[in-house]
Amino acid sequence: MENIKRKIPVFLLMLVFVLSIVFMVPGLLLGQEEDEADAEELEEPEPEPVPETLEFDVTYPEIQAELGSTYEFEFKVIYNTGTEPFGLEEDGSEKVFDILVEYPETWFAAATPQYQTETEITAVKLKGAAEESLRVVAIPLVNLDPGEYDISVTLKSSIEDDPLEGTVEFKAIITSTYDMQLSTKTGRLSTDVTSGQDNHYKLLLKNNGSASLENIKISSTNEPEGWKIDFDTDEIEILEAGEEKEIDANIKPADKTIAGDYMIMINAKSDNAEDDIELRITVETPTIWGIVGIGIIVVVIIAVAIVFARLGRR
Amino acid sequence: MNNIIVAENLTKIYDQTTTAVDHLNLTIEEGEIFGLLGPNGAGKSTIILMLLGLTEPTEGKISVAGFNSTREPLKVKSVTGYLPEKVGFYEDMTAYANLFYTAELNRIPYREIPDRIDKALSLVNLSPNKRQKVKTFSKGMKQRLGIADVLIKEPKLVIFDEPTEGLDPKVANQILNTILDLNRENGITFVLSSHQLNMVQKVCARVGIMSHGKLVGEGPIDELGRDIFGGGKYRIEIELARVPDELIAKIKSLPGIISVGVDGSRLSVVCNEDLREDISRTIAKEAIIMTGMDIKQDALEEIYLRYFKEEE
Amino acid sequence: MRSVLTVFRKELKDHFSSKKFLILLALIYIAGLASTYVALSNIHDVASALDRHVFLRLYTTGGDVLPSFISFISFFIPIIGIIFGFDAINSERTSGNLSRLMSQPIYRDTVINGKFLAGVTTLSIIIASIAFIIAGVGLTSIGVPPTSEEILRIFFFVFICVFYGGFWMGLSILFSVVMEKTAASILTAIAIWIFFMFFLPIIANAIANGVAPLENATTAVQIQNYSIEQSLLRISPSTLFTETIAILLIPTGGHFMLQPVLESDIANMIANPLSLGQSLIQVWPQLVVIIALAIICFALSYVVFMRQEIRST
């Protein structure tokens, strides 16, 4: 204990020394920089006239979406009034700009205010140094192939001969969509069948997507035991976008299927998409058995009636 | 005359102890009306059962129209009509349907059946009720229908168990008259089994009296009376103020008188004819006051009572 | 023989014009059609198309509210039998028809034979007609025709029903011979029916539980309990009948009810239907007993009737 007490003044001295060195170094470095800046300012004593500029600020210049989507590009524009305003209004802080939206032929695009996307605007008044948020809404008009489409917006001063203009570029990317639709040719999801017999039923497979569908397999599930459901084509290698194909389903219920309604599922599955439909299959009594059944009832009733007539006393 | 019923040494012992019929010999001629009389339990029913072949005799034999009842009961039953004491019909069926059923059971050819039914019904005066259900019939009508029922088979012999039991006298007389007519016109032999005598005796030419399984008396009614009482068809009972011995002797000496009995002031005269006039004249000659006179034609009942008083 | 036919025809006419017959017929038809309705609404759930005996399901499928046709019929057959037999002889006797009939040129047994035959025929007509009506309704609704084997099974079923009904009829005819009053004979017959139907199961259960209590019982004791109960129940003709028709009409699994079968055993079995021959072999003892009982009951009443008539007036 005594030893340590004696050593403290030595420690303190060393600590102060080290710390003073550590704080001094950045101070020296900062001092040097300040010196350099001062030197530049000194090089240009007469400020040159600053031109007017349009500054764009875009957060999302590229939007990728499936076909059918609406692309909305937001951007901010800042009108920097320069030192030599041209045709400046009296207060020298406002200017009207025409908005020109360029887009591919198969598209429609228009500029709108930030919060009123229904309103199409073709001109905007900008205040100097202030930010204005605008938006471009682009809609592909037809089924387009997947790919990149350029949309540009140009703001051009509406004052004649004023060269001030600025352009901002956007990129709308249409991605491929996979959409397979399974339905029936008639549109009805129910059918009547006869047990033990082939019952043909037309299904319709459609590629509603923008990409072709590959390796489509068609299968049925949920059918009662003993049923056979076959398809004339149960595998399709490729179905181009927009293409449709008719598939013949052969539903063969088991011989001894009880008449009534049965639900079966038909499923089409490709590498990228699948769809299924539920079909209500009504198994009908074969006419012959219906007739035989009624015949039996009639015969029994007649027989009993005859017995009554012959044996009953009035 | 042919004998229609012949019973020889007929014996029936039930359970090896009770003798119902005891070595009975009986012959009934064709065309007779025979009265089988006796109290309940005398063995009348057992005889009828053996006669119809419904029960076998323990000993002896009985035959009807030459057929042995035990060995050929069906032949016997096809010539014999039997009317049980409590004759019953299917109440929900019409008279016609009931008779038709009987006819079928008797294997009468179908085309003959309607005629036979009509004939039988007209004999008992039930033709108008042919299509009525039996449940609407009165007791007398049912009894008549019973007769029609046995007539369907056109029997040679009809056995009638208690023909007048439970019927009022008028109806009973009708039944008896029908029996008489059938006997006379169709030559059907009747055996009337009864314990009621006054009715039966009117029609029976001959009776047999049963007691304890034995036939204790058999023959025409007047003969029977003579045999047992020394004759006498009538019994005249006279109530007198006094009964002097000379009077008894005088009455006894009258022609046709069989016997005279005295019971205090009461005279009982048995005779074969109605001698009330002669007797009253005799009494009047003796100047005796007669307080009452009655004639009874019930010698049979007398016989009957005499046999069965002890039992009842 | 001709006179038996005459009695037979007359008795048949009696049955067919009697109210009790009409009521019974209506009852059976309503019960039959109601159970068919239930069967049709449940048959989808119980029968798969692979089932080889879909058609028989019409008779054996019941619902939550209403039982199956075979349950109905095993309940009603004794009633029909009793009702057609209880007054056969004693009502003839009290009405005075019997002695009149006896004096006709017919053998004494003609009456009882004709009556029994007429009763059995009426019963056959009732059961066969409803069985065929159900077949017709079923065929029209499910559209699956019966196989020839199924048709044979249905015929056997009707045949057994007739014998079973014949047993109850024979029994009640016996009472009608022995007892003078029709009320006594019907009550006795119904008492016996109620005993077999309701009390015997309770008694059998109680005895089985007494001998081999089921609480914390080992499998062996459970089997013993079941066997005791089963053997006691087999005293009852209704048990025999139920077993017989169940095996006959439920070819797949119906015979499991004959002996105790462990669930583990069932799990290992393949649920394969028995052939008709196998089914018949399974029920042969029951079938023989039912037929024998019917014959014994009738024979007994026959003998009693033949001996009894001797003394009556």
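We just call them A, B and C in the order they show up, numbering each chain from 1.
Here is the rule we use: a contact is a pair of C-beta atoms (placed from the backbone, for glycine too) under 8 Å apart; a residue touches a chain by one contact, two chains touch by 3 or more.
Just so it is clear, the model here is predicted, and its values are computed rather than measured.
K.L.:
I need the chain pair with the most C-beta contacts, please.
P.N.:
A-C
K.L.:
When you average C-alpha coordinates per chain, which one falls nearest the overall C-alpha average? Tell me, please.
P.N.:
Of all chains shown, the one whose C-alpha centroid lies nearest the global centroid is C.
K.L.:
Quick one: which chain's Cα centre is the longest way from chain C's?
P.N.:
A
K.L.:
Distance from the CA centroid of chain A to that of chain B, rounded to the nearest Å?
P.N.:
Between these chains, centre-to-centre, one finds 122 Å.
K.L.:
If you average the Cα atoms of chain B and of chain C to get two centres, how far apart are those centres in Å?
P.N.:
Whole-Å distance between the two chain centres: 53.
K.L.:
Please tell me the distance, in whole Å, between the geometric centres of chain A and chain C computed from their C-alpha atoms.
P.N.:
Here the centre of chain C sits 73 Å away from the centre of chain A.
K.L.:
Please list all residues of chain B that touch 2 or more other chains.
P.N.:
Expected reply: 92.
K.L.:
Would you mind listing the residues of chain C that make contact with two or more other chains?
P.N.:
Residue numbers touching two or more other chains: 17.
K.L.:
Counting only residues that touch at least two other chains, what does the list for chain A look like?
P.N.:
Counting only residues that touch two or more other chains, chain A contributes 313.
K.L.:
Considering the complex alone, what residue numbers of chain C touch chain A?
P.N.:
So the residues of chain C touching chain A come out as 9, 12-13, 15-17, 43-44, 47-52, 54, 125, 129, 132-133, 135-145.
K.L.:
Spell out the part of chain C that touches chain B in their complex, as residue ranges.
P.N.:
Residues in contact with chain B: 2-3, 6-7, 10, 14, 17, 95-108, 309-311, 313.
K.L.:
Quick check: in the complex, which residue numbers of chain B touch chain C?
P.N.:
14, 45, 49, 52, 54-55, 73-75, 77-78, 80-92, 101-102, 104-107, 146, 149-150, 153, 161
K.L.:
In the complex, go through chain A and note every residue touching chain C.
P.N.:
On the chain A side, the touching residues are 195, 224-227, 253-260, 283-286, 289-290, 292-297, 299-301, 303-304, 307-308, 311-313.
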